[in-house]
């Protein structure tokens, strides 16, 4: 793959947080100047290619992919169209994080999601699925969120203990036993077949 | 701006939520076929352009921008967390049986596997890969299971028709014969047993 | 150290039978009752000896096989038609179950490949501003939608940590365990009983020691000897062939 292709992949997957030239140089195994040079060329090319909808911007030390300014009205239009889904992916993710970690602050949710979460939280609160649960200790005393009884109703849960466990822990243990036996059998096979 | 540019912007903003051709057609004020046609051309071009790091993929009804497979090692090198745990053999077998026979009850799955299947079903449900699909007729009215849209996403399938075909040939012929004789015997059985 | 862990587990009696059919190169359409029953029982006995929890399904299948085998051993002096049919039916039914199960087992392998391929594709979070919520009307979502969204999120990558060698604990322990085993075997100078190489009966220790032994065998550092099926296993340092 070309450096351009890899850099585009990295910047795309990194999302809104962006990446520094150092981080990219590290994985590409080239020096920082090379990365900077390639990115400058890419940014220029993206900007002038009217088939492309994204450009590369610099924000502090970080490079980020961003949609082109000119296309903002279309994104705005999309944002204003009611989604066919009653809850967006972003809202559902946020709800899951709150449900499994409550009480939890917005910052903590954003830390897990890696993106701003103001709107999803507002949506969930507006639909009565989450509510404030006091304030956390520490700087700024941020608001804590928890799920509501309506949340339980909406998902047909008697209580929070009925949330399905997320880990596959038990399965893992089973596999170890299987692994042991599998290896044993293999070893037996090898010795007897010789 | 070109349709290509706007579509790239929209898909970029939508991230892994993805967008349907209808949603994009709505914003672009063109018909759905036009959008589909443009996207097909874009996907093809992205795939073959070795300067590009992303492609357009389809699952369910949704189009999404995704990084190219070949660049995965570079992204993983910068990732904070390892990839989520893959499914156990038991879970995969259970999922296969559900996927090809949906909607299906746990008992039916257990009949095919020859072992208890409660735990794999719980795991699959917790992963959002299967969901309840009402209840079967008959004694106890057991829960029916089917796969979800997340299942399509997790296995990169456009739709259920894209499931890899079950092994055919000899087995298929055999089954057809079995089916025939099975029905025949059943019919006979019904008359003699009564 | 690269050690690929191959999970070669049995997913129940049908899976075990398929494994045996494969290993013994038996035609699935013509299963010899006696041979398959003997082999099957051998495995189930081993599982019992290893004190692994044997699911009742394995024992039910054992009983079915034994019944099948004993019927097949009966002298065939034109038994009544009824008995003959019964024998055929058990064998046939088992064959059909195996064929049916095999189909899905193969499909599971294909799904696993797709799952693996999928882990190589990444997207990004949807922009915060997108998707206007529908404020009215019923909330048409289920808990599965929420779990699905959560899974989708876990597939995204948060990129930041510079590359660093992450050594997983168990890999480390296998390596250390290999060194320890070599020392034990070297010091002993005589073959050591296989079981004596396991210091504790902690599941993790058993697995790690076992992997270490297998790795040493693979590297031809040790030899495992056995006089016959299910006789005691002895381990000695040094490979089977000394090329060096």
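A, B and C are the chain letters, set down in written order, and residue numbers restart from 1 in every chain.
Heads up, the rule we're going with is that a residue touches a chain if its C-beta (ideal position, glycine included) is under 8 Å from a C-beta of that chain, and two chains touch if they have at least 3 such contacts.
Note that the structure is a prediction, hence the values are computed from the model and not measured.
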Task: Identity of the most central chain, Cα criterion - done: B
Task: Furthest chain, CA centroid comparison against chain C - done: A
- [ ] Provide the C-alpha centroid distance between chain A and chain B, rounded to the nearest whole angstrom.
- [x] 21
Open item on the list: From the mean C-alpha coordinate of chain B to that of chain C, what's the distance rounded to whole Å?
Closed with: 25
Open item on the list: Roughly how far is chain A from chain C, centre to centre by C-alpha average, rounded to an integer in Å?
Closed with: 33
Open item on the list: Quick check on chain C: which residues sit in contact with 2+ other chains?
Closed with: 7, 9, 122-127, 129-131, 142, 145-150, 152, 156-160, 162-163
Task: Junction residues of chain B, two or more chains touched - done: 12-17, 65, 67, 75, 77-78, 90, 125-126
- [ ] Using the touch definition up top, name the residues of chain A that touch chain C in the complex.
- [x] 9-10, 12-17, 19, 22-23, 26-27, 75, 78-83, 85-93, 95-97, 99, 112-120, 123, 126-127, 129, 154-157, 163-164, 166, 173-192
- [ ] Using the touch rule from the top, collect the residues of chain B that touch chain A in their complex.
- [x] 1-2, 4-17, 19-20, 23, 26-28, 50-54, 65, 67-68, 70-71, 74-75, 77-78, 85, 88, 90-91, 119-120, 122-123, 125-126
Task: chain B partner contacts - residues on chain C that touch it in the complex - done: 7, 9, 11-15, 29, 55, 57, 61, 96-97, 99-112, 114-127, 129-131, 142, 144-152, 154-163
TODO: Enumerate the contact residues on chain C facing chain A in the complex.
DONE: 5-10, 23, 43, 46-47, 50, 52-53, 122-135, 137-143, 145-150, 152-153, 156-160, 162-163, 203-204, 206-207, 210-211, 213-214, 217, 224-226, 228-229, 233
